[in-house]
Every structure is written in structure tokens, then in C-alpha cells.
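Below are two complexes that have subunit A in common, paired first with subunit B and then with subunit C.
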Partner chain A sequence: MTAQPLLDIRNLTVEFATRRGAVQAVKSIDIQVGKGETVAIVGESGSGKSVTSYAVVRILDRAGKVAEGSISFSGIDLVTADEAQMRDLRGREISMIFQNPRAALNPIRKVGKQIEDVLLQHVQATGATAREKAIEALTKVKIARPEERYDAYPFELSGGMCQRVVIALALACQPQLLIADEPTTGLDVTTQKAVMDLIVELTRERGMSTILITHDLGLAAAYCDRVVVMEKGRVVETADAADIFRNPQHPYTRKLMQATPRIGMSLADLLPEASSGPPAQARAPQAAPAGTEPLMRVENLVKEYPRPATGAFFAKLMGKAEPSSPPFRAVDGISFDVARGETLGLVGESGCGKSTTSMMITRLIDPSGGRIVFDGTDIGAIPAKQFAASPQRRRIQMVFQDPTDSLNPRFTAERAIADPIMRMSTLNGRDALRARCEELARLVGLPVELIDRFPHQLSGGQKARVGIARAIALDPDLVILDEPTAALDVSVQAVVLNLLEELKLRLGMSYLFVSHDLNVVRLLCDRVIVMRSGAIVEQGTAEEVLGSPKAEYTKELLTAIPHPPA
Partner chain B sequence: MLRMIGARLLTTVPSVIGVIIVTFLLTRVLPGDTAAYFAGPAATPQAIAEIRNKLGLDRPLPQQFVSYVTALVKGDLGQSLTTGQSVISDISARLPASAELTLVGLLLAMAVALPLGVLAAVKQGSWVDHLCRIVATAGVSLPVFFTGLLLVYVFYFILGWSPAPLGRLDVFASEPPRITGLLLIDTLVARDFETFRSAFAQLILPALTLAIFSLAPITRMTRASMLAVLGADFVRTARASGLSNTKVIGTYAFRNAMLPVVTTLGMVFSFLLGANVLVEKVFAWPGIGSYAVEALIASDYAPIQGFVLIMAIMYVALNLLIDVLYGVIDPRVRLEG
Partner chain C sequence: MNDMSQAKTPEVEPVPALRFEAPPSTSLWSHARHVVSENPVTGLAFALFALILLAAIFGPAIVPYDPLASDTAAALQAPSAKHWFGTDQLGRDIFSRVIAATRLDFSIAVFSVALVFVLGGLAGVMAGFFGGWVDKVVGRIADTIMAFPLFVLAMGIVAALGNSVTNIILATAIINFPLYARVARAEANVRRDAGFVQAARLSGNSDWRLLLTQILPNIMPIMAVQMSLTMGYAILNAAGLSFIGLGVRPPTPEWGIMVAEGASFIVSGEWWIAFFPGLALMVAVFCFNLLGDGVRDLVDPQRRN
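On to the complex of A and B.
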């Protein structure tokens, strides 16, 4: 650390006024960032890492205020600086990059104009040179054809491209400090790698300091000099990136480290030693004995969507048949089996067709071609609208990606779990229903006294358990797990993954596990399918595919994952 | 853009046809026998039958419909039996009066409501916010005839600042040559500032009455929509890039918040245009609303048909205008054309 840090946060406490009095989101923390240094602030949700960064830039919302402490940036006290001075600093000296790049850009303003706004505000350009300088900023973040992109609106760009625009926006005025708040959350691994590499390259080139706020230890380790670990508003550990993973001092850091899936560990390793229950038996390959019929056989499955044709309305009106362009194939003739008791991982980046595939298998949408044979019946032939009434419905269930959004906010946990039972089962009577819900709650490790609560009164992990209990309520044979842990903190993810594994063994279900997180897939799955643009690139046992991949694309995916030192 | 407008125009054709059919049928099932009403209380059944025959009311419905549509194509909406004029000339004389009143009322309301709504959202919980709430609540709670009468009582009767509420112009002023039918514009074109002043003085109280009533929806919508946008990620980005408050609120937040406000404006305008009968009555305004009500009471169906048809077409045109505005504000809408 240099003698005179660029950013010096001392004894900072941030309070939020709530109806129940002041709540401290950040409690007397000290963080220093030297010139040219890259510091990661790591922590789970609610650790106060984002609040800290908002306090630095002073964009806390109305209820929040700095209660104590000082933030000094090259000698300027940011806590007492007046608003005009802060406005000059923001964007020119200290910039921010945000999570969810598409939402971070004004949806109805050309991206070039948005960069111009910042340049003009900080007198880095005049009306005459603004356009040229904005295009220059776009060129620097390696956007292809920047002159054209200048006129694009955010909705016309991909997520990765939007994040590049946000970076261009942040770096347009050559600031000294860049704060990146979860800049790659929600982006695909390969995009994440490209974006992070770009940030590192640009900041290093200019000798800038960077604060990377993230929940991903791997990312922090791969890109940062120093790591600050935060828990519940306090800094629990600060150390060099190289040291902290080799020799974590604080128990919380150790817990985080342990919960992060890595190569060469088992599911049970994710849990803290104390709480791990009976050791899950060594996972012998679960693949069914040869000769038995697979639970589900998917043959040549296709889903086509018509391309939005321009001027289709007029053509229809005139009764003219369009020279039809070939429809878009979201899923392009894929075949695979799911054996009984097996966990099959379905991996790929956004837009590869994995969600479309899982929706066809759960019979929420109709396939355009191919067969889905489930336990001897071609369920692909039953129209999606009628499948809800089919006796097969109860045998295929789904756990959705967002545990919050997939629960009806006005149903209690019990009502949510009981929903499929009331629709599909012959179970009768209030008491029997209640008993079954309590049994399911116990099964998924949800405290029984919580099942009368509404979703907003439950934590993320508890909501995930409700979603799982609902999916297994009818004793299904196949459960489709669509990124069930993507929205959860690593420590909660560790518990939920173990729960899923335990339930599978106990209830003898098969899983189709849809995910983009290869580290998680490696832990949970017996076999893996890698998809790209609607087709299967590679399939085989998890060990083969993720250990010694044959397809170029799989290799690319694997190398893009940032690894914490094991 | 032109393509989108064309496509939207085509989709309005079925609704216009529907309106023509419905208005035709509706006026036929209204209670009251037109022929009997016009023959007078002392008329013999023979006289009534004669009038009925003259009006074509004794012919079968399909036949009546065909002749109605044929006339419609020629721009003939029929004769009003009460005024003795053709409906089209009645309406074209009265529609500008209503349009002028509603437009000025709406502009007044917007001039107050938009800044008030924006300020209330920006300074949430401050006195501006409370003022916004009071104004909005008061505006909708007071019936228009009450606000109208109150304004007349205060500004004409007590203070004597405004002229007698008797129509669009002072009895001594002469109407300017008719160009748009909107007096404020026509007088300006004719450079007749004396008449302009007179027309303005007559207009201001009824317009104010309408404005007070329409303040509420516009203010509330502006406030709610601004609040939502101010909480959006891109506003945070704009702030974090050091953009000035004017830029953040004006260019970034307000333009995004306009979308639902434009919809509300359209709804308020079309509602006011047809429904300000009470204001027209209070201020003896020769508008289209009171015309339609008088015709309805008299079972005079041709003006009612004409009124409903004109209103429906204006409504369709207004919606088209809103769609176009949407496209101007939001680039994402343009794609769907």
C-alpha cells in the first residue's frame, strides 16, 4: 500500500432510516485503495458492500446517510464536500459500473448521446467534438463498428455490448478511480471473461485504481491485488489476494471459501465441518444398469420460431404469400436420454436453447418436431394445453430459477406447497393436507413453524426450499431444475445443492439440471450435455466432459471460469 | 414511421364501421317516438303517420340503414329536427367551441400538473408533495358545475373581474372571419386584438373549471411515473456520472416518465371533449356536449348519431396521435409498426 492512498475510508458508518429506527448497513469500516491498485470487496447479500460504494460516490438513496467517519479521495473529504463539488468528481474522477448493464442505460436515448452527455458535463468535449470523442470512447472498449453503434439504443445491443457501453461511459473522462459493482453478474462466463479482461486492460493502461465489488471469490482472486471481505456491514478481513485464499484468517472467509464450488471437491465439502450431517455416500455412478429402459428419451427434438417478418401485416392484408424466410431454430434436433436416478446437466450460454428444451420437456410449450418419450409414452404428442390434465403431469415437476418470483406473493408457504397436491392428488381434507405439507417442509429442511409465512417473510434460502418442496410434493419421477441456485449466495447455494442431492437419493428421482455454472454442474451431475445454438456440442459423463473436454467450445467455457486458488 | 401510421389507420377501419352500425341501431331503440314528438300533442294519428313517412321511419331497418350509409358517404349526417339545420353544419359550428374550451383547459391543467407532479416526485414527502396531494384530491372531489358556479360567483359577481358567463364572445364583439373556428386563433389571424381579449376573457373561467377537474389524474400519473423512473438503474448511472440535476431529471427521467402521462392526457382529453356538458351549461357555452344532450331529450336521433360518430372518429384519431407520440418518445415502439 502506498503511503498516501487515493481513497481512504476511515471508520465509516452508514445508517438507513427505517420505520423501526435507524439501521446500520455499514459499521465502522476502514478501506484504503492505493493509486493503481485493484481491490475487491467480497461479501454475500446484505454485507454492505454496495452501500459502501454508494457512500463513496454519495448516491445513497434518501433514507441513507453517513453517520460517522470520513471518506477522503486525493485529499478531498467526500462526506462534507458540497453537492456541486461532488458532481464534478462523479464521472470525472470517480466512476461506477453497475450490475445489469441494460437497465443501467437510458432505454430511450442513443448510447452515443449518453456518452456525449457525460463528456459535455465534464467539459471534456465541445458540441463540435462530442460525437467524435464519444465514438472514440466506444472504440476504446472494442465495440465493433462504433460509428453505427453510436446511433443504437440499448435494447438493440446484447448484454455484453451494453456493459461495454457502460464501461465506455465510466471511462470517457479518464477518472482516477473506477468502482465496478458486480459488473458481470448475469452475463455468460465467456462474456464475463471478455468484460473483466477489458476492465483490467483499460484501467492498467491508465494507471487507474479499481474497486471490484463481487460475491464471486474466484473473480476477486483472478483480477485483484487485495481482497476486503465484508460480513453484515463489517470488514472481517483484508489481505493480499494471493494470501487470503491460501491462508484465510477469519472464520467467515473460510466459510465463503469452502462454499465456493471448485475442482476436485465433493458436494459435502461445501458445507462447514460442524453442520455437515451424515456423510453422503461416495457417489457411485448412478447410471442405470445397462439394458433397462431410460426414464425419458428425447429424440430429434426441434423447436422453431417464425422470424419476425417486416411488412407482414401489409402482405397479409393484400393476401400475398411472403417469400418466407426459414424459421429460427431455437432447438435444432437434439437427442438424449435421462436414466432413472440420474442427474443430467444441461449446460450452455444464454440463447443456446437450454431453457427452451426444459420447457418442452415439462410440456409448457409444444415442440415443432421430434419425440419426448417419458416412461414409454410419447408425451410430446400431447398438446401443451392438455398436458396439465394428463396423469403424467404429476410425474414431471420443475424448480424455477428465481425463488422469489416463482412464488405467488399472496400464498403462504403452506399454500404454495399444497398447490400441486390440491390440483393433482386425491389427498383429501384439511388435516391430511396440512400433515403432508409439514412432512414436506421437514423433508426439505424448512422449519415447520415457518410454513404459515408469506414469501416476503422468508429468506432466499427458505424460499428456495419452498420451491423444492412444491416440486417434490407429488413424488415426481423427474424434476427439472432450472438454475435453482443462480439467485442465491454461495453459502446458501452449498446447502441447497446438498439438499437436492440428498432428496434425490432418498426419493429416487431423476434430475435434469439446467445451469450455466460449470462448477456446480461438476458437483451435482452424473452426465453432462453441452449445448450451443440449439445443438448438442458434446455429451458424456461429468468427468469426461468437464475433465478432458473434446469440443473446442467446452474448452472455451471451462477456461473462461475464474478459479480461486484451490 | 409513415408505415406505422398507415398500418394503425387500417386497423381503425373495423372500429369505425362498428361505430356506424351501433349508433344507427342505438338511436332506433331509444325510447320515444320522434314522429309523435314532432307532430305535437294535438296531432292526429294520421298526421303522425305522415311525418313518419316523411322521415322514412316506416321503412324496414335494413333499408333505413342503407340510405343512412349512402348519405354518410356524401358527408350528409341528416337534418336536425330541433334546429332545422343539417347536422353537419350544426356540429361544425359547435365542435370548435368545445375543442377550444377543452384544449385550453387541458393546456392549463398540464401547465400546472406536470411541474407539480415532477416536483412532488423529486421532493417526495416535502410540502410540494403534500400540496400536490391536496390539489389532486380537491380537484376531483368538487363537481365541475360547483367549481364553475363558484368561479362565476367570485370572479364575476363579487370581484367583477370577468365578463358575464354568456357564451364565447361579448355581445358587442363581432366574430372574426372563420378560419379554424377557434376564436383565439382566428382573432389573432385577423389581427383583431380587441376581440381576442374578449374571447379570452370569456374562455378563461370555463377553461379553468375544466383544468381544475383534470389536474388530478395528470398530476397523480406524473408523480407516480416519475417516482418509478427516478428509482430506475439508469437514473443512478446518470447521477453516478456526475450529470447535473436538470439533465438527470429533465432529459433522463422526465422523458421516460412521459409515456404513461401521454396516455393519460389522451384519455382526459377525449373524456372532457364529450363530457363537459355541465360546464357548457353553466357558462352558456355553445358546445357540442350540450347540443347532443338537447337532441337526446328531444328524441332527435340524427344529431345524436352524428355526435357519436364524430366523437368516435375523433377518439380514433386521438389514439393514433398518441401512438405516434409514443413512437417519437420511445424508439422501442417504432419497431412494432
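On to the complex of A and C.
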């Protein structure tokens, strides 16, 4: 590192004015980023990692302000710089990439034009050369057929492609510092790898400095030179990426590392030693002995969606639309079994049909073909609309991906848990209902005094527990877990995964675990199905599929996971 | 059984940042105080609303003069200590008439808004939730109503159905229908596939129950704002109809009629006859428009922390 770091944050404190007085989101932190250095800021939600970056580019919202400290960027004090100076720096000297690429792009403007806007704004191009330079920028971020993509609107591009456009935007003016705020959250692993490789390659090539803000310690260690770990608004540890896994100093870093699923761990390993309780029993395959009838047998399941007739607007208007193209097959004839007491993992990238499959199995949507035989009954034949009244309804339940979205904001936790009981059981009376809800809350480790709260008064982990309690309220036989920990911090994820495993053993349920996170699947599942484009690519036991994959695609998925140095 | 779960599932709470998300719950009253203290204009709107409500309930009982009693000896008197707002051409006390009229104008607004909330809100929620032909039918009905100049449509309805308070209420409700149907449709449509609706479906709720327990309560904050805004509009609409001689008939005290009656006296200098009922009308509309923001802050559970 040079004597004068490019970005020098000293003793920075950021305060937010709230109803309960000022809250310090960032407490006297020091971070230095040298020229050409890649630094990761790692922490869980609320650690202050994003706020730090917002303070650097001065885009804190109105309630927030820098209370103390200095931020100097190649000699300029960013805390006292006036707005005109900041405007000039943003984009030209310091660029930012945000989490949701689609939200960062103007949906009604061609992506090429959006790149031109930035170039023209910072006088990097003239009207005559703008188009050429924009295409050049698209080429640099490895977008195939850039001349064609220049005219594309954001909605016509995939998430990964949009993120590349955002990167092209951010790098268009050759900034000295790039701040990437969770740039790959929400992207598939293979896309994540491609995007991260691209960022690292481009920044190396230009000698840029990069700050990567992430919750994923593995990603940070795999792509960055140095890692800054933040907790509760404080920097608890700063170390070289190579060292941090080998020799973590701070207890919080150790806890975070431990909670990150890796190869060769068991579920109980994710939890801090102090609380791991009875020695975890080796996860023996729970599959029932051969010959017994599986709990669920899915045969040749198909879901088709009609393709919108393109360019036939007037024909449609005249009532003359013809079924021009064959319908889109989201799920293309898949067959599998779920044994009693087993956890089956359903793995694939976005758009592979795994969510459609789980929606059909939970009978929220109707399949276009095939059979779903549940405990001897073909439940696929019962229309989804009538399934609510079916006696099978209570036996198939689901835990949703986003615990916030899946709770009615106007229902208390108790009311949410009680809902299936009120609809589908014979349990009667307020007291009995309350008692059952409290019992369920205790079962999922939700403090009983919290069950009168509304969802927005609960933390992410607590909301996840409410969702789980609701799903198991009627002792279902099959629970579909739709990425139940995707929206949670790793330490919370570790606890929730252990809870799910324990509940399964205790209540004798089967799980269908839908996920894109192979590390988590490895921990929880007995058998794994890998899906791609609506079809099953590979299936087998978790050790087989994830240990010695046969299909090319599975191998590709496995290599795309960022592996922290072991 | 339980000791095992406690042993194996340590508390998530130590993750400290989550503290900010989980403040202790507060009562509605303290929340209302907070809303008012944050925005004094809301406080003013609520105070005005209380005043209007009091006038509507107790007005006819507490006014100094009989609002219908004429006293030709005291006709066309300017505002004085005896007659605060002056008297009209028949010697009726305008202050008493303005206060007494509150009940009628307020009731027309309340009933028409209640009616359109039920009809338009429900139709809109159904259109957004079920989609398909329900959506098409509701959408076309709304389009048809929107195709008319709304006040002219209201005039037409009252003229066709007959000059009565009930028909004013009906006409006001009908012209507001598209507003409610569209807002409710948009909000319901967004929430149709929300996680909590899917979860409720899995809990064995029928479509109708989903609509009533999951969707409707969640669009109430938006609908409440809408109701508050249309209240002002409904009052204005009722007064407008009376002004042109439809609906309420003299000598019933009503702000619109009083403005109409006083209008001819403005040129001769007796401004107070039209001015005070007009002022009352303005204050009422102003109050309901301001109330919208306050109501949203109050009923939205997300803001109650």
C-alpha cells in the first residue's frame, strides 16, 4: 500500500435521527483503501456496512448525517465538500453498483442510451462519439452482440445481463474507486461467478480500487485482498483475505465464519460450540426401506404457459389471434419420489422450474399434465381452487422464502400461526387456540411473549420462526421449504436450519427443500434433484450428486460457488 | 421435549442489529399523539373534524335562533353581537342556519362515501383479485362513468331519479365509483400473489375469505385516505347540486342553497349571506383534504412503531 491511501475513513460516526433519539449506525470506524486494492466490508444486516458506503458518496437519506470523523478521497474531504463538487466526483471518480440491477436502470430507456447519458454528463464523449463509446463499454463487460443490446430495454435482459450493464455504467468514466453494494445478491451462482470475475478483472486491468460490500464471507475471501468485518456499526477486525479464514481474531468473525456453510461440515457445526447441546447425531439417510410406498410420487409432471402472441396485437384486437407458437414449458415432464421422513433437495438456477414445481406440489397452481400421487391419492386431479377444502390440504404445507412478505402485516404472530388451525382443525375456543399457538411458538423457539406482536415488530429470524410455526401447526406430512433462509443473515440461517432439521426428526415430516444454495442443500438434504430448463438433469443421494457429480451442469454449479480458502 | 429445543436452538436475539426492527408495541393513543406532534397540520385537521362532528350532532340543539324562523323586521342585518353572521332577506339568523346545515351536508357526505366505499371498494378488490371477466366488467363500468363530465352526470341522475336527499347521496356515490374501484383494483392486484396470501391459501382459506381477511384489511390505509379526500368532494358536490336547485330545497338550511340565495345580494353589499355558508363549505373541504394524510399515518401498521 502506498503511504497515502486513496480513500481514508477516519473515526467516522454516522447518526440517524429517529423517533427514539439519535441512533448511531456507524461508530467511529477507520477504513483505508489503497490504490488498486480490493477491500471487502463484511457484516450482517444492520452492521452499518451499507451506511458507510453511502456516507462516502454522500447519499445518506435525510435523517442520517456524519456526526464525527473525516472521509478523505485522494486529498478531498468528502464530508465538507459542497454538493457541486460531490456531483462531479460521483460517477467520474467514485462509482457505485447496487444490489438490484433492474432497479438501478431506467426501465423505459434503452440501455445504450443510459450509458451515453453518463458519458455525456461527465464530458467523456460528444454526441458524435457517444454511441460508439457506449458500445465499446458494453463490449468491455462482455455482453454478446453489443450493437444489438444497445437498443435493448432493461426488461429484455436477464438479471446477470442487467448487472453487466450497471457495471458498464459504473466504469464508463474510468473511476478510481468502485463501490459494489451486494452486487450479486439475488443472482444465480454461475452468474455471480461471471459478474464477480468481471469486476475483479476490469478493476485489476485499470488499477482501480474496489470496495465490495457483502454479507458473504466466502465471496469476500475469494475475491478481495483485504476483509473488514463490521458488527453493530463497529469494525471488529481487518485482515488479509488469506489470513482471515486461517486465523480469525475476533469472536464475531469466528462466529460468522462458523455459520457459513462449507464442505465437510455438519449442521450442528454451524452453531457456536457453547450452545450446540447434545452431540449431533450423524445425519443418517432417513429414506424408508426399499419397497415401502413413498409419501409422494410425482409422475411426468408438466406445466405449460401460453406464449404471448408477439406482433399480433391487431389480429388479437380483431379477435383473429392464432395460436402461433407452442406454449412455454416451465416444467417439462419430471418424475421423482419423496420418501417418508426424507429431505429431498430441489436445486437449480432461477427459471429452471423449481418454484413452479413446488407450487404445483403445494397445489397452489394446477399442473398441465402428469400426476401428483400423495399417499395413494392423485391430488393433481383436484383443482387448485378446490384444494383449500380438501382433507389433504393440511398435510402439505410450505415455508416461504421471504418471511416478511409471507406474513400478513395486519395479523399478529399468534393470529398468523392460528390461521391454519382455525380453518382446518376441530380445535375450538380461544384458550385452546392460544395454548396451541404458545406450544408451537415454544417448539420453534419463538419467545412466547412475542406472539402478540405484529410482523414489523419482529426481527427477520423471529418472522422466519412464525412462518415455520404456521407451516407445522397441523402436523403436516410434507413441508415444502422454498429457500427458507435466503433472506436471512448467516448466523440466523444456521439457527433456522438446525431448527428445521430438529423439527423434522421430532415430528416425522418429509421436506422438499427448494434452494439455489448448494452448500445449504448439502447440509440438510438426503437426496438431491438438479433441475435445468424444466427438466431433471441429475438425481441421487446428496453425497453422490454433490460429491461426484455426473452431469456437466451440476459440475458447473459446484465450481461456481465461491470457495473460501480452507 | 422442550429442553432439547432450547438447548439446540440458541436465541437469535444476540444478533444486535435486529433490535431496531423490534421496538415495543405502542398503544393507538400514544401513536396518535406522535402522528399529531410530527405534523401539526394533522392536529388542526383533526380538531376541525371534531368541530364539524360536534356541529353535526348537537348543532340544531345549541343554535341561538330557530334556523327556519323568519323575522322580517330584522332582515338583511350585517354581522353583529346579536347576529354573529348577520341575517338574510327573511331575517333568519345565518349563524344558526350555517351550524344547523352541518348535519345535512355532513350526512350526505358520510352516507355517499360509505356507499361508494362498499360498492366501489368491493368491486375493485374483486376485479384486482379475481381478474378475468370480473375485472373486465368492473373496468368497463368505471370507464363508462368516467366518460361523462362527473358533475353533469350527477345532475342527470338527480334530475332523472327525483329531487331528494337520497338521490343526491346515490348520485355522489356513483360519480365517485371509478375512483374507488380503480384504487382498490390496483392495490388488490399487487397483493394477489403476495407471500402472505399464498400462505393463507395453504392454511385452507377460500378465495372469498382471502379477499376479506387478507387483501381488504391491507388496502384499508389507502382506502381510508381515499375516503377522507372524497368526503370533501362529496360535500362540495352536494352543495353544488343544491346551488343549481337540485336536491335539497329551501327553506331547509344547506350550505349550497344559502350560497345560491345570498349570491344575488352580494352586488348590493350584503356579502355575509353568501360568505359565511361558503366559508363553512371551504373549511369542511379543507379539513377533509388535510385529514387524508393524518388518517394514513394513523391506520398504517407499518408506521406504528
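Points to keep in mind about this one:
In this section, the second predicted complex is superposed on the first by the 553 of 566 C-alpha atoms of A that agree within 3 Å, B and C clash if a C-alpha of one lies under 4 Å from a C-alpha of the other, contacts with A are read in each partner's own complex, and residues count from 1 in each chain.
One rule holds in what follows: a contact is a pair of C-beta atoms (placed from the backbone, for glycine too) under 8 Å apart; a residue touches a chain by one contact, two chains touch by 3 or more.
Small disclaimer: the values here were computed from a predicted structure and weren't measured.
In the superposed pair of complexes, A:G91 makes contact with subunit B only, with no contact to subunit C. In the superposed pair of complexes, A:N106 makes contact with subunit B only, with no contact to subunit C. Residue contacts after overlaying the shared chain place A:Q462 against subunit C, while subunit B stays out of touching range. Taking subunit A as the reference chain, the count of touched residues is higher for C when subunit B and subunit C are set side by side.
Of the two partner chains placed around the shared chain by superposition, subunit B is the only one that A:D117 touches, whereas subunit C remains out of contact.
Touch criterion not met for A:R149: it reaches neither subunit B nor subunit C.
Contact with subunit C, but none with subunit B, is seen for A:R394 once the two complexes are overlaid on the shared chain. Of the two partner chains, subunit B is the only one touched by A:A170; subunit C is not. Residue overlap on subunit A between the subunit B contacts of one complex and the subunit C contacts of the other is empty. Those residues of subunit A that touch subunit B in the complex are listed here as 57, 59, 62, 86-92, 95-96, 98, 100, 103-109, 117-118, 121-122, 153, 155, 166, 169-170, 311, 313-314, 317. On the side of subunit B, the complex with subunit A involves touching residues 3, 7, 10, 124, 232-234, 236-244, 247, 251-252, 255-256, 329-332. Those residues of subunit A lying in contact with subunit C across their complex are 19-20, 23, 44-47, 231-232, 268, 271-272, 274-278, 362, 364, 385, 388-389, 393-394, 396-398, 400-402, 405-411, 416, 419-420, 423-424, 442-443, 445, 447, 452-454, 456-462, 467, 470-471, 489, 491-492, 495, 498-499, 502, 506.
If you check the complex, the residues on subunit C that touch subunit A are 1-2, 4-13, 15-25, 34, 194-196, 198-207, 209, 214, 217-218, 301-302, 304-305.
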